[in-house]
Amino acid sequence: MSNKEFSGVFPYLVSPVDEQGKVKEKVLSSLVDHLIKSGVHGLTPLGSTGEFAYLTWTQRQRIVEVVFEAAAGRVPVVAGVSHTSIREAARQAREMEAIGADGILAIMDSYFPVPPEGVVAYFRGIAEAVSCPVVIYTNPSFSSTNLSLEVIEAIAEVPNIKYLKDASANTGNLLFTMNHLGDKIKVFSASAHIPLFVMMLGGVGWMAGPACVIPRQSVELYELAKKGQWDEAITLQKRLWTINRVFQKYALAPCIKACLELQGFEVGAPIPPLQPLTGPALKDVEAVLKTLDVL
Amino acid sequence: MSNKEFSGVFPYLVSPVDEQGKVKEKVLSSLVDHLIKSGVHGLTPLGSTGEFAYLTWTQRQRIVEVVFEAAAGRVPVVAGVSHTSIREAARQAREMEAIGADGILAIMDSYFPVPPEGVVAYFRGIAEAVSCPVVIYTNPSFSSTNLSLEVIEAIAEVPNIKYLKDASANTGNLLFTMNHLGDKIKVFSASAHIPLFVMMLGGVGWMAGPACVIPRQSVELYELAKKGQWDEAITLQKRLWTINRVFQKYALAPCIKACLELQGFEVGAPIPPLQPLTGPALKDVEAVLKTLDVL
Amino acid sequence: MSNKEFSGVFPYLVSPVDEQGKVKEKVLSSLVDHLIKSGVHGLTPLGSTGEFAYLTWTQRQRIVEVVFEAAAGRVPVVAGVSHTSIREAARQAREMEAIGADGILAIMDSYFPVPPEGVVAYFRGIAEAVSCPVVIYTNPSFSSTNLSLEVIEAIAEVPNIKYLKDASANTGNLLFTMNHLGDKIKVFSASAHIPLFVMMLGGVGWMAGPACVIPRQSVELYELAKKGQWDEAITLQKRLWTINRVFQKYALAPCIKACLELQGFEVGAPIPPLQPLTGPALKDVEAVLKTLDVL
Amino acid sequence: MSNKEFSGVFPYLVSPVDEQGKVKEKVLSSLVDHLIKSGVHGLTPLGSTGEFAYLTWTQRQRIVEVVFEAAAGRVPVVAGVSHTSIREAARQAREMEAIGADGILAIMDSYFPVPPEGVVAYFRGIAEAVSCPVVIYTNPSFSSTNLSLEVIEAIAEVPNIKYLKDASANTGNLLFTMNHLGDKIKVFSASAHIPLFVMMLGGVGWMAGPACVIPRQSVELYELAKKGQWDEAITLQKRLWTINRVFQKYALAPCIKACLELQGFEVGAPIPPLQPLTGPALKDVEAVLKTLDVL
């Protein structure tokens, strides 16, 4: 499927793992099937919501295998890859493509500050290790690496780096980047932006954890935006925004796992020391899901 | 004019002051006249762009007098008030209303962290000192005081606190606030947001430095948004955004003063130790103004 | 007294002000007298602990007059001066010297980021307005202006800028600065450092709020350090450190005002919206004073 | 050796790895031998300076094996362990002890914010997986996890958690922690503190990258501190501090690798995308080594 362009709603999948560290394959397959039947346009295992940072390489590998098999070619699978070292990240990307990933979501982990040339070299190293399209992921909240316009521009020169997933919350900065880069790179919104606005600015879709929980409404919003029905779209977007708030308030992965458990998907708890939602937080999330008619 | 509701484009005026600290009254009057003739809906002296933080009380007072006289009742004047102490801020607000201000832009300065009750007490203290409407100004970049939803909600209970000018760059947070507060408070966008999007979410206009430089285009954008002509509006917004970038890049007040000088308004240099734009920065700003056909 | 070198313990005085904004002159005079009789080597009105940022110019002026009269030449008075604009800060410094201040504590307020040349120009502007010695105050916690080594070095070239009061908590950085600048500038410790260690590195004393509350012990510590009795000094320093912790925990000015009230000085509440200590915080502070035998 | 108490100078070893990712065993062994002969009291592979965050598990394992064999029981080896998940960190600790590590340096990696209970659970999980002593490592600069006094106190209850290595630069906070915890936990200084001062406060030594480069002088400083010869110690400490500055300025691992290369240890370049020191940075480091007579 790697020649297809990516666009639309790509849920960030959670990573269901039991207490012994074993991937809960059945529940992951059934979530994948449910999301595809709900109309999503692609799947993204091993993003932030997928607790990539908490998984061993063996677990990451197994999760992408299960997602790939369950998707069965119906939608593209864009697998997250993240490390601090170029060499190891490139190796992981190569193996993910061998498993069958249609694209790579390239995330840069860091410990020491990395100079701009190092950032460019990291993303280039991943891209050159594979032949499929690569999505660059920026997340200033969790990663100390900041991608300046100059760095994004240099990265966009690499032929198979085709998408940028911007997870800053600063839509003005993103508009500036999009104005500047034009067709050189396509943009997916993250949940920190209001996805509708990124679509209005020319974005091609969004990759986001909440789409696991509200796939149909997310697709509906995408369709309205694509048709330019902005008044209906803004009404729906305002309604859907409540889930983004609990998502940010309750630490992404724990929140989406709690939502899916409430919806009957036995994805289990987040990986310790992450803590599952309980008490008032769980009630808060439940109330939000009810207002969105998904419970 | 104080019974009128505020909406539309309110430029943040610069504060032209000569080297001896004297207000350049003539240039300020002529700028006010030009902006009103360009269609702006109100005027806001003593915001961030107005270098309020660099002025003595005597200078602030004189600036609002000059603006009030030059406006001559054609549009409402919303004067900025800022101090660390409630008592002094309330005194300033009272005097600004006596001069003729139609509204107060209430800005909270701080040195030590202030607990939420203190923040509410500060804004309440200003509002109770006057009878005109009050606009609450939040600016996490320059002020260490953060306004949580709970604090904004408590502030909105004060009868004459009617507007919120949000200067964060996080439009998602603003949507959450607007969803939650509904009609309790009306929202003006700041330049850190994309104003069009704040309008789509139900905002009533924007208060911003760049509107000093591109008043006609700002009014045109506002009119398109008001009529719901979103496709035309987004095209114009994307084009206008370049000025917001130089505005943020070159420290607001120095940037707008440089733009106005280029346009023939002899507003002079920013107040030392702020430095005027020179060399490549000035060229950069000039190039942007040319793309916007205002030079 | 301006030819005398400054060294030793300089308490940051609180600013007792009543609800109508009037300086409580009697209590301020009596505090000054008490501190001098307890052996302190100088007095610093209008530092952070003195709530300088919350006072009008008229209040600041009156406070320095009262302190100057009460000190009656027994110890030097170093008056705080702070503004955003060079012009206004220089004017204040000139007036403070006219009142009788033996030195100026120069504090830089800021709103927009100021480039290094602007920072140097600010401190130079103050120093050139007076003939007395000037102490440069750096405080990265409350002020957005960061003083790099290069900036401090340039400032130290100004003949009457003779002291640096470093209020960062990074003693390693301070050692580096001291190694580099040698005799060009003398260093006072702030309460964020452990004063004894700054003395060991060659510092000449400390300017600090807690010295209002424990003047005798502070002087004792200073004397031990001066004599190089390090073992006794470290034992005393460890014991005294408890007051620095409550000082930082309970917002400096409110904490010292609470301590002094407990000791019988009716300095009153901090300036609203700052809140006085109550309940458990007050009990916490009281317990600390008891362990230090000053209650 | 696990019954021995840890104290003194523990260099953080660099991790020499070639371009193919292979551990340069010979140079690592020879560095270990050199350090032990220079008098250091222990060795710490896989700290920040050891680029632990850039290594695969296989590389980490091999490094500890090589260090353990080269040390040959002459000094204790405290091996770094770090992950985001408790389960994986505990597994690594267990394997490190099986290789022969005399202690574990427990580092907490994180991506999402972890609540205090999670932090305690993480360190407890590591400690319960081994029988050797555990050193808790805090580093607010590189890790988003902050250890409050309450958290440290709870962690110190675990029987084999015996040491705290504090890498904040705030010596005042550390004094407060030490005053509060007393004998419950022993403290090693990191390079962000001035080690001598941590010794004066009751610390037992320091774990630090620069000790790879100046082992003899570090041991000399430790001996002076132990004997309470404070005047000689402060003179030496001031002289040695220059290396700490370049260490912080030039990104720890790249700096120490550059220093060791200059000293003739062919440890190679840091792991990409980290960049080796070149040009003026390298000259700067070289000049510092010359002033310390180690070149």
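When the chains are written out, they are named A, B, C and D in that same order, and each has its own residue count from 1.
Just so it is clear, a contact is a pair of C-beta atoms (placed from the backbone, for glycine too) under 8 Å apart; a residue touches a chain by one contact, two chains touch by 3 or more.
Bear in mind that the values here come from a model prediction, so they are computed numbers and not experimental data.
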item: Number of steps on the shortest touching-chain route linking chain B and chain D; value: 2
item: Most distant chain from chain C by Cα centroid; value: A
item: Approximate Å spacing (C-alpha centroids) for the pair chain A, chain C; value: 51
item: Centre distance in Å when chain C and chain D are each reduced to the mean of their C-alpha atoms; value: 37
item: Residue numbers of chain D (touch at least two other chains); value: none
item: Touching pairs - complete list by chain label; value: A-B, A-D, B-C, C-D
item: Chain C residues within the chain D interface of the complex; value: 169-173, 175-176, 179, 192-194, 197, 200-201, 228, 230-231, 234, 238, 241-242, 244-245
item: Partner chain B, residues of chain C touching it in the complex; value: 21, 48, 51, 53-56, 84-88, 109, 111-115, 117-119, 121-122, 125, 142, 251-254, 271-275
